[in-house]
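My questions all concern the structure below.
So that you can tell them apart, the chains are marked A, B, C and D in the order they are listed, and the count of residues begins at 1 in each.
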Amino acid sequence: MIIVLKAGATDREIRTVEEKIKSHGLSAHISRGTERTIIGAIGDERHVDAEAFEGLEYVEKVLRILKPYKLVSRDFRKEDTVITVRGKKIGGGTVALFAGPCSVENRGMMVGIGGLVAAAGASFLRGGAFKPRTSPYAFQGLGEEGLRYLAEAREATGLPVATELMDPRDIDLVAKYADVIQIGARNMQNFRLLTEVGKLGKPVILKRGLSATIVEWLMSAEYIASEGNQQIILCERGIRTYEQATRNTFDVSAIPVVKGLSHLPVIADPSHAAGKVGLVEPLAAAAIAAGTDGIMVEVHNQPEAALSDGPQSLRPEAFQAMVSRLTRIAAAVGKTLGDA
Amino acid sequence: MIIVLKAGATDREIRTVEEKIKSHGLSAHISRGTERTIIGAIGDERHVDAEAFEGLEYVEKVLRILKPYKLVSRDFRKEDTVITVRGKKIGGGTVALFAGPCSVENRGMMVGIGGLVAAAGASFLRGGAFKPRTSPYAFQGLGEEGLRYLAEAREATGLPVATELMDPRDIDLVAKYADVIQIGARNMQNFRLLTEVGKLGKPVILKRGLSATIVEWLMSAEYIASEGNQQIILCERGIRTYEQATRNTFDVSAIPVVKGLSHLPVIADPSHAAGKVGLVEPLAAAAIAAGTDGIMVEVHNQPEAALSDGPQSLRPEAFQAMVSRLTRIAAAVGKTLGDA
Amino acid sequence: MIIVLKAGATDREIRTVEEKIKSHGLSAHISRGTERTIIGAIGDERHVDAEAFEGLEYVEKVLRILKPYKLVSRDFRKEDTVITVRGKKIGGGTVALFAGPCSVENRGMMVGIGGLVAAAGASFLRGGAFKPRTSPYAFQGLGEEGLRYLAEAREATGLPVATELMDPRDIDLVAKYADVIQIGARNMQNFRLLTEVGKLGKPVILKRGLSATIVEWLMSAEYIASEGNQQIILCERGIRTYEQATRNTFDVSAIPVVKGLSHLPVIADPSHAAGKVGLVEPLAAAAIAAGTDGIMVEVHNQPEAALSDGPQSLRPEAFQAMVSRLTRIAAAVGKTLGDA
Amino acid sequence: MIIVLKAGATDREIRTVEEKIKSHGLSAHISRGTERTIIGAIGDERHVDAEAFEGLEYVEKVLRILKPYKLVSRDFRKEDTVITVRGKKIGGGTVALFAGPCSVENRGMMVGIGGLVAAAGASFLRGGAFKPRTSPYAFQGLGEEGLRYLAEAREATGLPVATELMDPRDIDLVAKYADVIQIGARNMQNFRLLTEVGKLGKPVILKRGLSATIVEWLMSAEYIASEGNQQIILCERGIRTYEQATRNTFDVSAIPVVKGLSHLPVIADPSHAAGKVGLVEPLAAAAIAAGTDGIMVEVHNQPEAALSDGPQSLRPEAFQAMVSRLTRIAAAVGKTLGDA
């Protein structure tokens, strides 16, 4: 940590900072420059709060040298984490393929779509039973009933299922049915929920918050890891910007950036990023080319009648056609896509 | 709702849209323009999902005419909502003054600061017992112990207390001690938490999310209101933008915009918006000039030793001096500030 | 154009809007809904300013139905525009490959790098002689001397050259040497410069502004096209967002979105978007997978000594290795890359 | 400047950085920490490009200690710059009041509005003769004819006039008529234009770019100052964010932040920030409370017929009423407003 003092800081002020650094168990290193005095705090700065120094009136700024996360960092673990769920891998040489409807709407559609996407090469099924919705008047999901249909689709297809958890009070219920638990973008900083899934020990998909920095996203992963669960799958799903042509701006750079900073697998959700069916394939292709470990796609047999996210859902036949084209992109980067 | 069809939409497609509109209980109104056919859906569109039409391939875009929220809108209730808590008002001709430390750290500091800010004119005490922190390694609050100290500060000063709720499992605990329950920015779309405080019937401060639009913020208020609780205080605390000179960009326009759209009171939190003590007063002054119904300010007796948010906390004497200056701004817009 | 009136608009106000619409040569279509009256203005709305209606106190909002640009739209021209410069194509089945240093620094480096990138498969050379720099104290480019070296590199390699124009007073000078004129991101709304390159009739690369929406970008292209020049190449180079891990956020979605809205070719500049050499390849790969018509890459023989943009410049051997990998991605989407 | 090396940097790499620092005339200061080696470059870092170090593969990041601007900084000049134009002041104890139409439309309206705003207390007239418009089909201003009417309005009222310059080729023309030259938001980084107005020696209003950071804005001011012109008035006019309820997000914090970093006066343009007439007064009030040195307001005698910016223009009588209320806010912060 580097503490830059304001011009004209006195010897006494310099000494105060020095002592404060030592009180945290670090050593201080003072450089008097021509215009500013800067003080380095040497040692493990992760448990030292920059605010302790920023609160001093004669401090101009505090610069961190080390990353604020540890367990999820590439420094902590050099090799890529590969997660295996019921024999399906996330990470390594495959691009995992999560597919299914936005919401589980009824038994027939869930089992039906499950079968179709499995046939087209999906390696995981997805479907929401608890739905976070902007409006209190919108469909909120079927709850446990939806979880049961999801489990039936797993029985029918053999594919592991991923579904969202919104409330710490539902954790046992969701864990009973789900193979992979998803934390949605709006809950990325619901720290109590993170702590609970950290204790659970099941694989977790952690979606990036709507306006979360990559560092904040990794800090949320650190919450889960610090409870002992390292089976974390990061999911880029678009960030909020000024641009209105797409629902969100898909931050494709996040994929290589995160893979540089962390050992965790990163998947991409082009459906939510784009909000429009016509953009799902180019964004999925871009994500694969940029190195993603998986993609998550919304598929619906009748998108215009979907209870949520219809405009971004692919029909099963369009999904199948897309998978066969994406398989070529995956091959061009030396990977295989799903079970295709 | 206006549905704009793509160029070349067929009569059959137009008829499909027409029937779909009718199936939602609305009537359809068709205009064939020179380049596009547009179809108006007339009636209460709030329960009709735009996605139902966006999912059709021959639809170019769907434009909403009505606001998606109802109970919290100015259309629903013309006059300003004024909330009274233990005799202190939020809304009307006063600017409520919430003050106190970011976190409750111990009994002495909470009761001490409480006494000082009360003497300086605060009308409400604030202090966090449950703290949402970006890092799992940072101080997470004292929990119930903190709530007890907060209650002691209320006994000592007579001022009502506001404190944050992070987890639906803590609601009874927090409600036992707090007069006003705060929902933090990171939980603005924690819909389960909103539903719970909606059922509780205590006044709620709903902070605007880091990247929430004003419409989304009002939709979150609608979640609370739709459970029967209209005692909602909206709190602008800065939004996330590209600018790095301040922690967040304080969106002062949100104050008059929200007061135009909604009957609910709006307060401002300049401390979190700015992240720097030197900006608290100009932002508080700006908020008052722009019509805020209250301000919330972090005060700490020893900011450089604070367990959280030290850099943006005022010392009690600075707070007192600020209050006397802000009182003049409040007077210039015909209001009084706190109990000053 | 749809004009939504405020609740309670009077018959007289409705008539005023109606007459105003007619005075613009359009016809009016009135729908009285349960909560709002809405008035459609039917005809070519492009020359009608929405502000003329927004300025009326009883108007709630004005919604445009048609796109504000015409000549550059897909509606105006269905087939893709393909631009040919000295036998090299932009658009169609190739991914054009622009490569070269950020700034032309001296004859030797420009001719040297030119030869190396040509050998590696580049189809166009790039290099800046006039450099827009945030700081007045930074290197501002060699001016005409740089243009001459660029022309020498063209002689040596046979590749057409692209270079930036910053000032309408330099247009004859730049046009004398350049095959393709580049308008930088900071000048995307320098409307006088757009008008001048519109009159010139040489191919123009129009970079997207740092915070330009896709619509604004197309409107700037419309400025050029409206002067008679349709040889416009749009270039996505990243947009400004809150994320600090990359210099800009590369908006890969812009590629398919623009290709849907416009017939113009779209290329991508991953170097400026990323600001870091390690991200150039994944972003270039993503752009190709998403359908870009070209990529523009900064190459320098000694990045650590570059007078500008060193951190994002590839060494020639790294460029060559990247081209051979990207060629596989291009093949997976049925295209060829540059002259590789 | 602080250079942080990657973990595992070798002695040889450390020495290379050290020599590179010395080659720039600075001295190097090495600290070997437990996880990283960091090297301080001591001396005037303003002319050293961080990129020179970021381009080295073993460098993790480079942190600047000093501000990149000098002449416009508070360090360079402690006391506030006060600019006087024809006896009217910007800076010091007054809030300058710029008022007038967005565009000069004809002689009668310019002279008429000029007289009305002068009577209401304006200290400067504003009006655009050259208009930067997003659409090539929109009204682009009257050019020299507009400048003449502006000059006539000055004769009639005695107030100095401010108008926009868009093109370096028009500088003599604009300078012949204008007392204060305005550089619009879209031209904030039109560096050639900045250099020209720097040479001219007339007061310049420099509007903040749509997505410019405060540092970039000050760097653009530095361009002007470095040519010898220190009569620079910074103007906050809203920044681009995701929020759509206002045209731009008025960054009221920028006022106190800039006044801390720079000695230059800062004014505010609430009309452009808000885009809606109803928000002009609360934003103007907020700006005054936050310490602005001036406000710039669009006034039109017939906003619904304005050729540009009608929706945000006040009628003269509304302007007068607003001025009398704002005068009270100015008094509350110890200032006077315009000539009111």
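Note that contacts are C-beta pairs under 8 Å (C-beta built on N, C-alpha and C of every residue); 3 or more make two chains touch, one makes a residue touch a chain.
Keep in mind that this is a model prediction, so the values were computed, not measured.
Looking at the partners of subunit B and subunit C together, the chains they share are A, D. The chain pair with the larger count of C-beta pairs in contact, out of C-D and A-D, is C-D.
One finds 31 Å separating the Cα centroids of subunit A and subunit C. Centre-to-centre spacing of subunit C and subunit D amounts to 26 Å, using the average Cα coordinate of each chain. Chain geometry summary: the mean Cα position of subunit A and that of subunit D are 39 Å apart.
Counting partner chains per residue, subunit C shows two or more touched chains at residues 211, 240-242, 244. Looking at the complex, you find that subunit C touches subunit D at residues 46-47, 49, 51-52, 54-56, 68, 132-138, 140, 166-169, 186-187, 189-192, 195, 210-211, 216, 219, 222-223, 226, 240, 303-306, 308-311, 313. Interface residues of subunit D facing subunit A in the complex, by the touch rule stated above, are 2, 4, 7, 29, 31, 33-36, 38, 40, 42-44, 63, 65-66, 75, 211, 240-242, 244. In the complex of the two chains, the subunit A residues touching subunit C come out as 211, 213-215, 239, 241-246, 249-257, 260, 273-274, 278-279, 282-283, 285-291, 328-329, 331-333.
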